[in-house]
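Note that the chains take the letters A, B, C, D, E and F in the order they are written out, and that residue 1 is the start of every chain.
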Amino acid sequence: MSMLDPIILFFLLGLISGLLRAELRLPAAIYEFVSILLLLAIGLKGGVELAKQPLTNLLPDMLAVIVMGVALALLAFPVLRLLGRFSRADAAAIAAHYGSVSVGTYAVAVAYLGSRQIAFEEHMPLLLVLLEVPAILVGIVLARGISRQTRWGDVAHEVFLGKSIVLLVGGLLIGWAAGPEGLIGIKPLFFDLFKGMLALFLLEMGLITATQVGSLRQYGLFIVVFGVAMPLLSSVIGTGLALALGLSIGGTAMLATLAASASYIAVPAVMRISVPEANPTLSLTASLGVTFPFNVIFGIPLYYAMAEWAHATWGGLTP
Amino acid sequence: MTQATRTLLTVITEAALETVLIREIERLGANGYTITDARGKGGRGVRHAGWEANGNIRIEVVCNAATAEAISAYLQAHYYDNYAMILFTHDIAVLRPEKF
Amino acid sequence: MSMLDPIILFFLLGLISGLLRAELRLPAAIYEFVSILLLLAIGLKGGVELAKQPLTNLLPDMLAVIVMGVALALLAFPVLRLLGRFSRADAAAIAAHYGSVSVGTYAVAVAYLGSRQIAFEEHMPLLLVLLEVPAILVGIVLARGISRQTRWGDVAHEVFLGKSIVLLVGGLLIGWAAGPEGLIGIKPLFFDLFKGMLALFLLEMGLITATQVGSLRQYGLFIVVFGVAMPLLSSVIGTGLALALGLSIGGTAMLATLAASASYIAVPAVMRISVPEANPTLSLTASLGVTFPFNVIFGIPLYYAMAEWAHATWGGLTP
Amino acid sequence: MTQATRTLLTVITEAALETVLIREIERLGANGYTITDARGKGGRGVRHAGWEANGNIRIEVVCNAATAEAISAYLQAHYYDNYAMILFTHDIAVLRPEKF
Amino acid sequence: MTQATRTLLTVITEAALETVLIREIERLGANGYTITDARGKGGRGVRHAGWEANGNIRIEVVCNAATAEAISAYLQAHYYDNYAMILFTHDIAVLRPEKF
Amino acid sequence: MSMLDPIILFFLLGLISGLLRAELRLPAAIYEFVSILLLLAIGLKGGVELAKQPLTNLLPDMLAVIVMGVALALLAFPVLRLLGRFSRADAAAIAAHYGSVSVGTYAVAVAYLGSRQIAFEEHMPLLLVLLEVPAILVGIVLARGISRQTRWGDVAHEVFLGKSIVLLVGGLLIGWAAGPEGLIGIKPLFFDLFKGMLALFLLEMGLITATQVGSLRQYGLFIVVFGVAMPLLSSVIGTGLALALGLSIGGTAMLATLAASASYIAVPAVMRISVPEANPTLSLTASLGVTFPFNVIFGIPLYYAMAEWAHATWGGLTP
């Protein structure tokens, strides 16, 4: 098995085509279609598994990742503020992106582990959903304080009724209610085509990443260093937490990947409305222009190697 | 045909603002609006419309001069600093002045 | 097998997301894509079966459903006029919707019977096509009289060259000409993905239904009562006709569903051009806001139960 | 450059009318038209463009004042009562007056 | 609010020219542009936008009169002979004259 | 096996619907989606096979088709100029279309041979890519001379970074790098759905072809005669070359089809920018309105019959 899964090659094809300014773009409607399918598929898969065990068993993991999301955002903020010399709003917004997660990165990790036939805890999609939210709230509070002016109703609406949360949670609930047999009929679309759709998604992500290169040049070195160092640091935290929670090797690699990934769909949309004075180009350049390609190409194999090593070294310590 | 003069206000801005802006525009007195999807470039850079966070919309409002003025002033005060947005107006002839 | 097929859950997901004003919409191009695939698939499936028997065998069923379509529209019209106090044009337009059929509802019934492995007469898609048309013509005549002014050429063009008829008939003919082996190559797209595409379609239908709630409130109780009572009544007529034609239990449930369903694609398009003074919001609110969700969630299981009961009670009476 | 004044007529209406309207517009003397897809809200409610029956189109016609007047009058007489439709005109400068 | 007058230049042409034209338009002094997808009909026939070679775009540029004149002249000289293209201008009121 | 594959029936459905002005159109985004999938699938399939043999083995075939592309354009030009009395630019542009290839026609030929289980040399997609380019350059030189004014940098960008080349070459490279096992995960989308997507593509091509009928009437008989005679002639040349190169019967039919097909995506896009004074309607009417339907319906079976006949007659002559 070569290091380069074909889906990564699709990402590179998009990236190179974009950099060469080739006449290639996926229509926006197709990008939407593909991401709707991926979000629903991830949710459905998780929901089927949730039905198998009482939700209370999962409570520790659920609480732990919520705390992790908050912690990662709180960790990133002072770094951005002091070392990056970003304005309060910009630092808060970027911190929110890095405390939250990227569903695309998650999907690539699923494919990575899948093609190596490495199992992972099946409630990961639930953790994915839970991780999307807390960092956003932390980001808003960091930018605004717990001000009376913030319309928390509107914020909650933006956060909980954004596309990715609705489709992930909707998928989870449908999968949970329908069970494995119920989903047989829709398996060809949502599960069999998953990896192919992911390939198209990554083709487009490559094209989008290429458009970030201009701003990368503009905002310079700090963004690049932060965009690589932050996921590395986060992945160590994710790995530690996974060990503490007693996750399998696959689950450890997944949690490290979730920690390391930075949002580029849910968080930008909310921040644009809730912290408008933050420059959206800054956070997107970091998360989409640096961290996403880094994770997809180098990060995921690295986090998996780290999970193996950590389990070999400390694996026996936790229940 | 009796014609009357009204103002056509055109706003070009980030697609993310659609829901918020149409609420404000109606609150400020417009009886309707028309929206088309767009892409473009301005002071805040290129907006390709390749994916959700990066599209523009083009909002047109037919209204009287006072409403156009009110909407312009409000948008300038609340959105110009933080959002990609331009706004312009000109006179048009309409057939049913009572409608706008 | 729970009452709620996952595809119904997709409908509910769309409906609830719409009611909560979530940031979720299927791009119009994708809605088009999905409905083109469903229409072609239904046609192809029917066409393959048509090839197996001489068309003359089917003539009684074909004539019977044409009469049924006319009868249902003629039945609805006085009710709408007298009890609903609608204008002549509005009553005629709504009557046309209810005499015609909804392909989406048909597809849900196919999935419902399919997941219970209940067979039905395979020429149903042909009956579906035949039922689309007559009520439209009745509606126009009810609104206009057989006036010289009506440009019947234009009307015929609208009716017979609308998207759904063209794709259903086109699919029928292709399936008929190519036969089962001919379709093997295109089976993965049109047949294997059918239920998944139907799930996406219903997600969007849920979102669209949610947009009807405002007008529902505006037009009030009569629309709701009519939108539930009319399909119930029609389904009884459909069941009776199916018994008289000697259809199987599955076929009876299908014909009841066809009778009960109300058009929201073909008929609105034609009425908008041919009877412009009819308010399109009225008929769409009824067919899309009330009857479609009613049929999809409650109606189809009910019509199937009725078919079972009717066959148990009267099943032996007809040849 | 020699410039001449012509009229730009803009019609915003239901997408279902596209085929019919362009036939009428050409019959009434227009040499061309441009159509963009749109969504909006007006006296006949919200038109989201989420699906076929619910979209708007925005038709632009560059023509002389008389043709604009003729099209306006015709549309007002035949479509205003039953369709979601607005219509407005204003003057523009064009380079090839013989073309419009 | 202080308002100033600027020119809105609208170009309707073949989608295939998009990349080339925005390069030229910026070179000739425009600070921005907005593009929407369109279809239409004119002297060079029907352009349905059903597939890539057959779509139109509608480019809008807000600029001062001199720039509008320069762009018009350039496009007329270089594209009118061989491409489906129309172009018109009119005055608009803008809020931030320094921007355009 | 009837002469009419269902995919041809889809083409006819589109053509007839278009001629009848039915309310049917595939959204542009879906047309894009389908053609992106087809281009990638063709590339991927070819790439997998390329990995199996050293590229140097293929050099003779590669060089030969490049020469053929040049020759076909050079052959068409004087005919168009002298018999067709076209302007230099128009003749050059049309010649470029006919020297290049149509990926849609290629895909139909793949389906045609596939459903008859006739093998062909698996490096055909490579030859397809190679054939796209040379005729374009010949066309530009014929129109302009090797003028200093031509911005060859821009031309090269247009030619090599157009959508079809990028996706075909990208697919080839990904298939080559990932190998058969690497592609298993994406097979359901790219390979299993191939024929279904081709059916949709042909439905839309039928609709597009129907829009060419008006210009067909306008430009008259010569276009029709040329649009049929040129592919017939080219197919003979392609067949001869295939024999000389020692290709199999399937490979001979494919090369004849490639020779006979005329571009309607890559070449029009480049010519529009590089030879703007050529009337694009002329070349599209010929390639899309005449040659594409001719090849798809009559040509491919004919070229296959010719390949069988040629192999029976001369097959033993070459190594």
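Worth a mention:
Definition applied: a residue touches a chain if its C-beta (ideal position, glycine included) is under 8 Å from a C-beta of that chain, and two chains touch if they have at least 3 such contacts.
It should be emphasised that the depicted structure is a prediction, and the values quoted were computed from it without experimental measurement.
Listed by label, the chains that touch chain D and also chain F are C, E.
Of all chains, the one whose CA centroid is most distant from that of chain A is D. Most remote from chain E, judged by the distance between CA-atom centroids, is C.
At the chain D-chain E interface, residue numbers used by both copies make up under half of all numbers present, so the two copies contact each other through mostly different positions. Set against one another, E-F and B-E show the most C-beta pairs in contact at B-E. Remark: chain A and chain F have CA centroids separated by 42 Å (rounded to whole angstrom). A straight line joining the Cα centres of chain A and chain B is 35 Å long. The set of chain D residues that touch two or more partner chains comprises 36-37, 90.
Looking at chain C, one finds that residues 26-30, 32-33, 163, 188, 193, 269 touch two or more other chains.
Pairwise chain contacts present here: A-B, A-C, A-F, B-D, B-E, C-D, C-F, D-E, E-F [touch as defined]. Interface residues of chain B, counted against chain D in their complex, comprise 1, 6, 8, 22, 26, 31-37, 62, 90-96, 99.
Against chain C, in their complex, chain F makes its touches with residues 2, 4-7, 9-10, 13, 17, 20-24, 26-30, 33, 111, 114-115, 188, 192-193, 195-197, 199-200. Those residues of chain A whose C-beta lies close enough to touch chain C in the complex are 27-30, 32-33, 36, 157-158, 161-163, 166-167, 170, 173-174, 177-178, 182-183, 185-190, 193, 269.
Per the touch definition, chain C reaches chain D in the complex via residues 25-26, 28, 31-32, 163, 204, 207-208, 211, 215, 264-265, 268-269, 272-273, 276-277, 280-281, 284.
Chain contact summary for the complex, chain B toward chain A: residues 14, 16-17, 20, 45-46, 48-53, 55, 79, 81-83.
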